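I have placed the structure first, in the form of structure tokens, so that the comments after it can refer back to it.
Letters A, B, C and D name the chains as they come in the text, with residue numbers starting at 1 for each one.
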């Protein structure tokens, strides 16, 4: 069953490369996404048996991330089909510089999407740390072509940065895994297998200096991929240049996968009694990420970049939550879900805005509420959700983290955390509100009928964000508790 | 008993215009003129009451209501003040707040009536009136608070009756300061020199008189009578503080009170004759002085 | 409690119906307003009963949200705030049915009705919530829904700007509350209100509450959003916001006081200081305004200041062991909450009537409206007299209680303790005088004299739906003025809840205060009678005389024109000049150069000093700092990898070595 | 045996310096290719004499991929890019070498601090591997062309691999292959990207990337 989770999208992805018909290819995309989602939901009812010598298994944390990825992918794939239909014409004129560009082949875009899903699923279910690494690197490779969907120089530049910087980071993570292997070697030469569970159970036998070094390398390596500052530098470019479908997945799903890599290391660190050391590092990087995001959100003129920096901010919040430990971990895991849903929705809405206004400049967008009522309303909803206002999901998770910080007596952390959140709200609200409200520029016409999925999908996500803000289902709470259990 | 309480009111109603007559007479005497008769204010009122009325086209019912409300509120305010040996008609804790705000109510309507004419001169007067009274109000309240602190009462009638020579004996400086502040407030509130000149004929420089330029006949009579009552009211407070004669016999006390009123009227006339009117911009400073005096009186 | 839940359900239904019938104007109006009105009327019943002394009620349900529970509790304190909330919401909704019609052609009214329902519901939940998470959610929902109502006319740039300011301010306020409640929860082990109790660090809690709730209430210097947001909103929303929404800040403060245990004198002093600066600055800035609704908004700051003074005096009274001072102070503050709700809603609605027909809020463009809008004018006059604290109206009663408390405090405490009392006393007097100046200006220039512009010339009276709420509120102002004593007497449980004083003490002193209030009311009635008598006499006298009309006397100038009238700016000028130091009014005078000058212009503008000298520089410096750091992201891949390398080496060196 | 290992390690260190000092792009690719071959050799030497089929085949395939396949890809990319075949460093070669020496010192120090739990065959192992990784990063940071950056990435990867080989890590075959595949695909994709970059920009100088910045304009 676990193998199927990975294999279905992988095979479907390979198949789609060779399918000529648009209709069939899109059908394959939807059906693969659907099957995978059903399967992963089924794992909540019927726990799957470990596969490949327990290399692939579902632990609570992995299950959560896996399901989230599947569900998000399903939503995005509905959107993607509609999006690709709208993007049919092969050449476009760039709306910033006016040159003519074409899109990549739809077949390779769809194929890469599915392979990307396969890689992300593999990340979620790998229990073997080196395999995890392989999977994370695979996500980079599968997603790079997605960013270069629009064939022009800015997206190319973004792709290059993404590819190179993430590869460098991931290479460091590999070094970290080797360090971990050294740490797992006993003086007598016997070793602990690089399995998550084995390492956790034998954590007290680990060589502390090597483990610390390994943790730092893993943090920097996966942190690069996750977008922790100051390794986040590729992120705003990649997320803003990619088509919105890809941006939604990059922000909503991929960052979680990279975060999972760090969480695996954190689990071992907690088991080894080094939570204070690793927690402090996570806390510092988390706060730095939030601060850096705040700096770039204020005065940001490109709304997709703004969303990208907001992802950096939220990755920072996750790191702070996990770094604090205790009840904050629960908040952090909850925040993973809330952020993914909210951010994916925002990126999809941004795609809709982009399609109508043909500019990424915040100044060029106004009156979205009257031009695109649903998208405009969702944009505002997303703004309030992502800045942590009740009654939306992120409020609850951010509140939980804050409460944990204050309960632990980490007043300074709480103060910094809150001030940054306030600055980000102020910085984000000004341009985002002006986009939704006001009178639209004269040349914008809400004319051409757009596919329902383009607003229905983000609307669904928006409803989910709202519901999670006023009701956290007990089954989810239990799953979150279990997932947070091993993280201190 | 009831008669005793009504007496201060009757005295006030009867003698208030006389006080204005005394002031005017004092000024004429000092200026070396014969001056108008002491009873002239009564004649004026009588004459006004027998006139018709002329209203501007711009005015509304506010203009007609103003004098009535103003007079009504002053009449009620007088019911709170004792005179001589007689307590006020009504007394309860915090009644002087009502007193001050009844006067404010009167002012509110007079000012609105002035604005109702649409004349810029009356607007100007109204503007000055509210400015100076806004500053006079804290001085009045602080003075009352100073008295309240000395006597331990928070109702005006017992408070004024409680001021005695023994209080003076042990808190003379405070009472002196309070008295000074009260006199400044008295001059400001009643449009006397050095704040305002009731006899000027240049509209640009007037305060109270310019506000009522458009009133005539019975309306104007009400306003003038109200002004006289207001002066009487303030004077009563000052006299009660300055001449705390409690002989035991109410009639003697009342006579002493009346004598005090006479002296105050003459003093006012003397002040008016010996001083020039202040520049309008300096008036707030004078009122500020009153506030400072009163605060000192309380704080000491 | 069932009625209250039903009331909340009505609001919910109204909100849902507003979405469903978004395109059907008549249904939308029916259901949108119907939800608010039905919900409010339904909720008024239990609220009034508990406010008049019925036992508290509560309702608790499990709620699957971290640390949350659906825990509602209606006690005397909640009920006292709930009554004006429901009252004003219902009236505002009625008003809105006609007022919003003007926008019908231009935009969808669905958001306005949707968020009005949400706002009403969230305000109700704010005062009912007995769990911190629920409270915070309702609190933010209240802020968000009112934000959307404020930005209803978002096609105007100034409105968007105001919306942003409001949003950021309320968010920052909420931030303090988050910390406050989490710390309270930490100290008491639960986030339910009934588990909160006296804990160490009460002073810190008080300061946090002051900052958090003060932002909503509009305490200086946290008030800067208020004069922006309230005028920008549609008038019925301005009425709700000014009249009741900002009072939830006062509610929160009082609610927190019930948790904190013994009150300390410095809390009271702090509140007195805040109240004084809010009151004086609020009324001074109001005087300097040219925009009628902005003027009213600054008066909200002033009145919140008066309420803070009352609470401050009350706290000082409690801490000094002077029950009368405490009782009168709190009673005055509470009564002023109710009174301000009534007269401020009335004034905003009347301002809405004016804006509705003249399409301007510039005071200096209006004039002579009393003849054209007699009902609006009469109710506005009642509101203006009430807000200036004049007898026999309700505003005087509450200020009277606060005056009494501070007089009593000044008389019975030592030199040290008397300072805040005396400051309160003279401050109140100054505020009262200035408010009188301000409202003679507002009423005099807007309604009296002659119209100063074409628009005012053609003003027409509003319809019944827009007038009826005004009548109700004006009647309320008179009734509370005459029967305030019974309201004061009903406050005993509420005050004992907040002050923790023995109820026997409270009962005695409250009776004393109520007696004075009753005497004042008698005087009020007498005053009305006396005025009526004089009016009768005057009519009698004039009946036999010649009454004629003529031109206003203008020193012999024969044909005065409306343009020659005194203006609002010139009316306020002596005061704004006297307080130049605080107001920093900017004046621009051009022309008057040649012997026969052609054209001269004069402009004056008064910025909010805190906005100009505190918040603008603060936000600018944040902007500058971020702009300074932004070159970090300059594009080159090499530099980016360098960041990674340097950080890695630094962390390695730090952690390993 | 340990002398052999030592000499391989010294050679690896030398390749690092060569990478930093060569001015020709082609020479650099050759150096990295040589590194790949050396790595394969190192991996075989570290088998402690017990030669198994996978124990030989894996290092061989590593050498094949890293020594021939990837360099070939890079050559192709370079030819397609068809630009100046100079390295075009951002800092001078001398400075590069000085930086390299500094990095070597740091690597030696780090090797001192982090002692392997079991006695390694050569004390140079850890420092040499770390040095190689650092050199890779140094190349990325200090060179202008996209091709050089791919090369730097490869050198970094080689260093990491060398570390793995050096500590005689017994990773499962599947994982080893996966890692290898990742590196291969990575460089392959980079090659494609370089091709596009050269077409799109008419240069492959990544320091001129500035379309997406947050520098105030």
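We adopt the following convention: contacts are C-beta pairs under 8 Å (C-beta built on N, C-alpha and C of every residue); 3 or more make two chains touch, one makes a residue touch a chain.
What you see is a predicted model, and the numbers here were worked out from it, not measured in a lab.
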Chains sharing the largest count of C-beta contacts are B-C
Subunit A to subunit D, mean C-alpha position gap in Å, rounds to 30
Taking each chain's centre as the mean of its CA atoms, subunit C sits from subunit D at a distance in Å of 69
Between subunit B and subunit D, the Cα-mean centres are separated in Å by 99
Whole-angstrom distance, CA centroid of subunit B to CA centroid of subunit C, is 35
Within subunit B, the set of residues that touch 2 or more other chains is none
For subunit A, residue numbers touching 2 or more other chains are 160-161, 164, 168, 172, 209, 213, 236, 296, 299
Flagged in subunit C as touching 2+ other chains are 627, 630, 632-633, 637, 641, 644, 652, 656
A full list of chain pairs that touch reads A-C, A-D, B-C, C-D
Within the complex, subunit B is touched by subunit C residues 367-368, 370-371, 381, 385, 388-391, 396, 399-400, 403-404, 407-408, 410-412, 415, 418-419, 422, 425-430, 432-434, 436-437, 439-441, 443-445, 447-450, 512, 515-516, 519-520, 523, 526-527, 530-531, 533-535, 538, 541-542, 545-555, 560, 562, 564-566, 570-575, 577-578
The answer for subunit C against subunit A in the complex is residues 63-67, 107, 133, 136-137, 139-141, 144, 151, 154-155, 157, 160, 163-164, 167-168, 171-172, 175, 178-179, 182-183, 185-186, 619, 622-623, 625-627, 629-630, 632-633, 637, 640-641, 643-644, 647-648, 651-652, 655-656
Given the complex, residues on subunit B that touch subunit C span 49, 51-62, 64-65, 68-69, 71-73, 75-76, 90, 92-95, 97-98, 100-102, 104-105, 107-108, 111-112, 114-124, 126-128, 130-131, 133-138, 140-142, 145, 148-149, 152-154, 203, 213-214, 217-219, 222, 280-281, 284, 291, 295, 298-299
The answer for subunit C against subunit D in the complex is residues 627, 630-639, 641-642, 644-645, 649, 652, 656-657
Seen from subunit A, its contact residues with subunit C in the complex are 160-161, 164-165, 168-169, 172, 209, 212-213, 216-217, 219-220, 224, 230-231, 233-234, 236, 277, 281, 292, 294-296, 298-299, 330-331, 334, 367, 369-370, 384, 387, 389-391, 395-396, 399-400, 402-403, 406-407, 414, 418, 421-423, 425-427, 429-430, 433-434, 437-439, 470-474, 477
